[in-house]
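Structure provided below as structure tokens; questions to follow.
All chains are identified by letter, namely A, B, C and D, in their written order; residue positions are counted from 1 within each chain.
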Amino acid sequence: MTVLSVRNLQVAFGAVAPLSGVSFDVAKGETLGIVGESGSGKSLTAMAVMGLLPLAGGRITAGSITFDGQELTTLTEKAYRRLRGGRIGLITQNPMTSLDPLQCIGPQVDAVAVLHLGMTAREARARTVEILGTLRIPDPATICDRYPHQMSGGMKQRIVIAMALAADPDVLVADEPTTALDVTVQAQIIRLLDDLVKSRDLALILITHDMSVVAQTCDRVVVMYAGRAVEQGPVGDIFDAPQHPYTQALIGCIPRGLDDGARLTGIAGTVPTVLNYPPGCPFHPRCDRAEEVCASIVPELEPNATGAVACHLPGVAP
Amino acid sequence: MTSMTGTAARMMSGFGNTSLGRAFGSILGKVAGGFLVLLLLTAIFAPWITPFDYAAQNLMNGNQPPGWPHLLGTDQFGRDVLSRVIYGARTSLSVSATAIAISITVGMTLGAAAGYFGGLFERCVMTVVDLTWSFPDILIALIFVAIIGPGLTSTTFAIAIAYLAQFTRLTRAQIVRLKRETFIEATINLGAKPHHILLRHLLPNAIAPVIVVGMLAIGDGIVLEATLGFFGLGAQPPTPSWGAMMSSGTAQLFLSPWVIIFPGVVVAVTVIMVNLFGDELIRALDIRDRIRGA
Amino acid sequence: MLLRYVFFRVLMLIPVSISISVVIFAIVHLLPGDPVDNLLRVGSSPADRAALVAKYGLDQPLVVQYVRWVLAMFQGDFGEAIVLRRPVADLIRDNLPYSLRLGAAAFAFSSIVGIALGTVSATTRNAVVEQFVRGFILLGSTVPGFWLALLLILAFAVQLQWFPVSGAKGWDALVLPVLTIGFGGVALVARVTRVALMDARREDFVTLLHAKGLPANTILFRHLMPHAMLPVVTILALRIGWILGGAVTVEFVFGRPGLGSLLIRALGQRDYPVVQGCLLMLALAVMLGTLIGDVAQAAMDPRVREAKT
Amino acid sequence: MRHQTMTKLLSGTALVAALTAFVASSAFAQEAVIAFDAGELGATSYDPVTSSNLNTATSMIYDRLVEQDADQSFHPHLANSWEEASDGMSWTFKLHEGVTFHDGTAFDAQTVADWIPDYADTENAFLTAAIESVEVIDPLTVKFVMNRPEPNLLYNLGSAFMGIPSQAAVEEMGADYGVAGAVGTGPFKLERFDIGLETVLVRNDDHAWASDLSENQGVAHFERLTFREIPDQSTAFLELKTGGVDVLLGIPTDFIEVLKAEPNVTVIQMPGTGISYMPINVTAAPFDDIRVREATGLAIDQEAIVASIYKGVGAPAHNFLISSLPEATVDPALNVTHDPERAGALLDEAGWTMGDDGVRMKDGAPLEVKLFTQNGSEFTVLTQVVQAQLAAIGMKADITVFDSSTIRDEYKENRHQLAVRAYDWNNSDILDWFFSGERLGYPNVSMWNDPEGEQLNKVAMEGSANSEERIANFTAYHEYILSQHLMVPIYQPTTNLAFNADRVSVPDPVRGTRFRSQTVLDMKPAE
């Protein structure tokens, strides 16, 4: 059952609109991948869902986000705060810098349960220890008294996950949770998230630039380019028969055999920045399929059999 | 004069036209920058634009309030206050700017060496630097002037020493930060010589924040020169400097306040403009993070 | 661990103090002129002068004079003022309380108001408030102390008659001097606080704090302020020397005794033992300030604590 | 325009101040606050015997054997009368009867006999150097046996450094005497001494031995006096204006105008006790030529200086001594007066011919000299006018401003040519101090060492058996010094004090050489 649904989301920073026309649904027990190069707007989508755009100076100018039947875009900050951390958890990109270096681990995790579950400090600590345990963190009680800088990146990311889980949320937004980690640790964390989705019936929005991660964990996927969703659908369909030339390029970049999350360097040209989005289809300057229409008219996201694609000339690559 | 324009030229060449242009871009930047350029021109061309000889006395025409022909009035010697304020710009700006230029040169050398070589050398330099930094600048300046004798040169050096610590700290912090960056590590690994690395790679990268902080320090230098003037040191009469004018006999404040208030206002406005322009420059160069490093 | 670190730092003070004493002695004796001329009055003969020079040991080689000074100091004897004709320790004892009172009040004032203003200007969405604070900060670093002092006297003591014009008796005599020093101090602290807070707010972990659903005030006071205070504490600790000895102009205008005035008076009369004593005291206070600053840093920041022990 | 607004603003405030002062005065009529002269700040002790720096409050605590008036005459105080032996080798003093110290001990001949030897081995020993021994003739008669005639003895005895302390108190307090307490016979007792801040005195209700310089022969009119140390002149002025201070001592000349504009302030001018002058270094070319020195003196227009920068306050100085001293009356031809034409002629004669740029030249070298002075506007203002006046005769003078200790070093190193200085001393032995060949460099800034001068000095200093001889000898010495053009006298300032007439009244003229206990006894709360 769908727990979070985003419709035609548009985000603006002053006069520039780095994100427009993004729509997707995510259900409990399901993992939705949002994939794209850096600058494609995938992190902004996460921020929009979390209601944290004002921190960076942005705002939602159109569209809706509904969570559990509740419209979030018109929610007061106070009401939003109750959802944040309580029912929607966030996992950020860089565990090295995502914990307050001046405070011990314990209180940082405890705060969530105290705030959202109304627990006393003692209860919250017991819960923290328990969650840390379930995340396979050794000796969780001692860890609570350590400082972030005394721990490895993978361990810190587990603590960030613990913080996100502390209030038993329905939705987890994970913004590139493995990018800053060692390869071996990456796999562990991905596996951990996968387990959590299943064991806790979570809805996970996994934001990544890594198609192989998507292939491994996601049920459905949204491919983003230059602030727009260009293609979306079930992972199987997308990988088997990508309709958008960009999706095809992304998939083409996955190194065969080796599952090491190669960077998307294989696509010629550069990602346009928000200040110079080209007219028409934003991908057309890099697209070998592009025709005249692509340079002038923005393609709409058109539903197809299992998903949707935004391309004037969709189709499986020849 | 040469030293001052020299400093200005060096400051301007420190960063590209674009960033300077960007600093001028905002309204505040335009106002502040315009004021400073005007002030600089006034200082350079002072001998040609003063309406009267700054030193010409007319004892029977002393303490005249502002009016015609003395727009800002006259002091107790009957000297034209406007001419003295204009000429004072030359003294005050050149003393402060030269002092800061010396301070930057020595401070950068010390800071770069300390940051680059590290170890006991760094420890010693930084201990001395921290001590001078924590000592009241007015005491340092007063003692220094007492040791090497009065005059504009010693005032210049006294101000230079008082602000030395700031630049040493800043440069050292820059170098330490840059040393950690990959391209420097690569150069070191390639076996480059220390002075080569320092001069070619580290200093050019560290220079922009130092120059901007230096620009802000020129404002502080003007205030310190004024305070030294309060103790009767600094510019030798009848050479006018803003500081000396501001403190020219306290009775003047009650008898003929214009003699004291006009230079005071000019000092305040100049320092504010220097700060505003410096802030704009920091914004334009986007080096706030690096300045904070020290 | 912290204790070991403090012990090590205190131990380090010994060689540093000795080098500083050499520097101070050298500086003081580099000054042209000597104290004896300030003792002579009309009618005393050149022989009297020579006798005085000998009496104060000023005819001895500098090394001998230095060793004598240091040895005496090890026995707790700061020496006897030549011109001011009192034990140096007594003179410092007489003047220090005034400096401490003014310094402590100015310190408290500039920390509290500075941190408050810096916080307000960093967090407010109101452009007018922000510009006001920015203007205040600019002005504070612009106006020379002697000017500000006179302006404050004219406004609050002459026109409004709220406070006495000068003196050092009673709390009300402290207000204007504290404002004079505090104005610049507030500007400095506010500037550092503002920048530090804005930097702290850009840190990654702040996003996550918001994502946890913490209220903005909790984030500000529980997480951002401790970060912002790190540079503020460093700056404040380094300013102890300024607070004790930097109030010269303020002491002059308000007619307050104090260490700065004593030092300047003694400097003018070349009263070597007094100048040496005062400078050494100031240097020690400065080192103590640095030490306190470092220890405070270590106490506040676990990373520093670990790196240093 | 601006000036007027400012004055209006200030006088409005003055009204408020006057009202406040009025209310305050009825409550505290028996108290007065006096601000010290900025020149006497920083005293660290009230022990007259050992101190090198004493302030006005010292004269309230202690009495002296004799007092000196503004006309330099001597008046009895603790000594009722005195007699000098005809050969000058002894002095006999009859002491005032019934005088007691603040601690209750009696003042008598034995006190004097015990006190004089205390000066030995102190910085003030020269004051009593001529006294061989002190003999007690009877409890109220004491005889000083001299080792040489000392016509200056009365002058020394009238000095603040010869206030007489209680021997019992000195013994009891030891090294703390003068700081922890000070006990004299004066009209006020020391109650509290906060070094660098203020001194509080309370009335001595037993005091009944005022000198004849006071009209009031009983106890003081004020019960309490507070002396405050205020270094900044504008602050002191604002204190007086707002009622924080009742009497300001030692007002600089430039403040007189400011003070006179205040409705409730009265200014009293006393004859000054010093001279501003410009010593000439006779060893430094071109001043080794006496004609150049004379020309330099003729360049200075004393009258114009007094009229302009001093607004007519004080008097021009034409020779080296204050005019109340008899030795200041010299051959009028020797007085230094303004005569630029003669100055030009002398310089022409000496080979310095006028150049095109207004600077004289000789052998291709311009007439450029160094003009030193001390920091402080009282020096720098005068020096800048002197510089302009020297320029008028074709002498280009470059000013350097030193602090008071450094400048002495410059003199001793003989690096100076001209300097603007001032001294404060009301005795002709100042001539010995500044011109004796024994003290070249400093204080003999003129660097003058001349056999005939040394001879005249010796006669004046040691060869006078009595006052008349001393006057004659010093006048001769003074005249010779003037004839050698060793310095240019410029200005005799007045000593000024101001008081808040709503609060107190100070008798005008002030008797004595300066504001001291004799005046304070006559000072009254305002009606």
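Here, a contact is a pair of C-beta atoms (placed from the backbone, for glycine too) under 8 Å apart; a residue touches a chain by one contact, two chains touch by 3 or more.
Keep in mind that what you see is a predicted model, and the values were worked out from it rather than measured.
Both chain A and chain B are touched by C.
Closest to the protein's overall CA centre, chain by chain, comes C. Between the Cα centres of chain C and chain D there is a gap of 37 Å. A straight line joining the Cα centres of chain A and chain C is 52 Å long.
In terms of their C-alpha centroids, the spacing between chain B and chain D amounts to 43 Å.
With centres set at the average Cα position, the gap from chain A to chain D is 88 Å.
Counting partner chains per residue, chain A shows two or more touched chains at no residue at all. The set of chain C residues touching two or more other chains comprises 31-32, 150.
Residues of chain D in contact with two or more other chains: 232, 234, 403, 406.
The chain pairs satisfying the stated touch condition come to A-C, B-C, B-D, C-D. Interface residues of chain D facing chain C in the complex, by the touch rule stated above, are 13, 16-17, 20, 42, 44-45, 50-53, 123-127, 179, 194-198, 228-232, 234-236, 238-239, 241-242, 244, 403-410, 425, 427, 429-430, 432-433, 438-439, 442. Within the complex formed with chain B, the chain D residues making contact are 1-3, 6, 10, 232-234, 237, 252, 254-255, 257-258, 304, 308-309, 375-377, 380-381, 383-385, 387-388, 398-403, 406.
Taken together, the chain C residues at the contact with chain A in this complex read 203-215, 223, 226-227, 300-303, 306. Those residues of chain C whose C-beta lies close enough to touch chain D in the complex are 31-34, 37-39, 41-46, 48, 52, 81, 83-86, 90-91, 94-95, 98, 150, 153-154, 157-159, 161, 164-169, 252-258, 261-262, 265, 268-270. Contact residues on chain A toward chain C in their complex (touch as defined above): 50, 52, 55, 81-86, 89-90, 92-94, 97-103, 111-112, 115-116, 147, 149-150, 160, 163-164.
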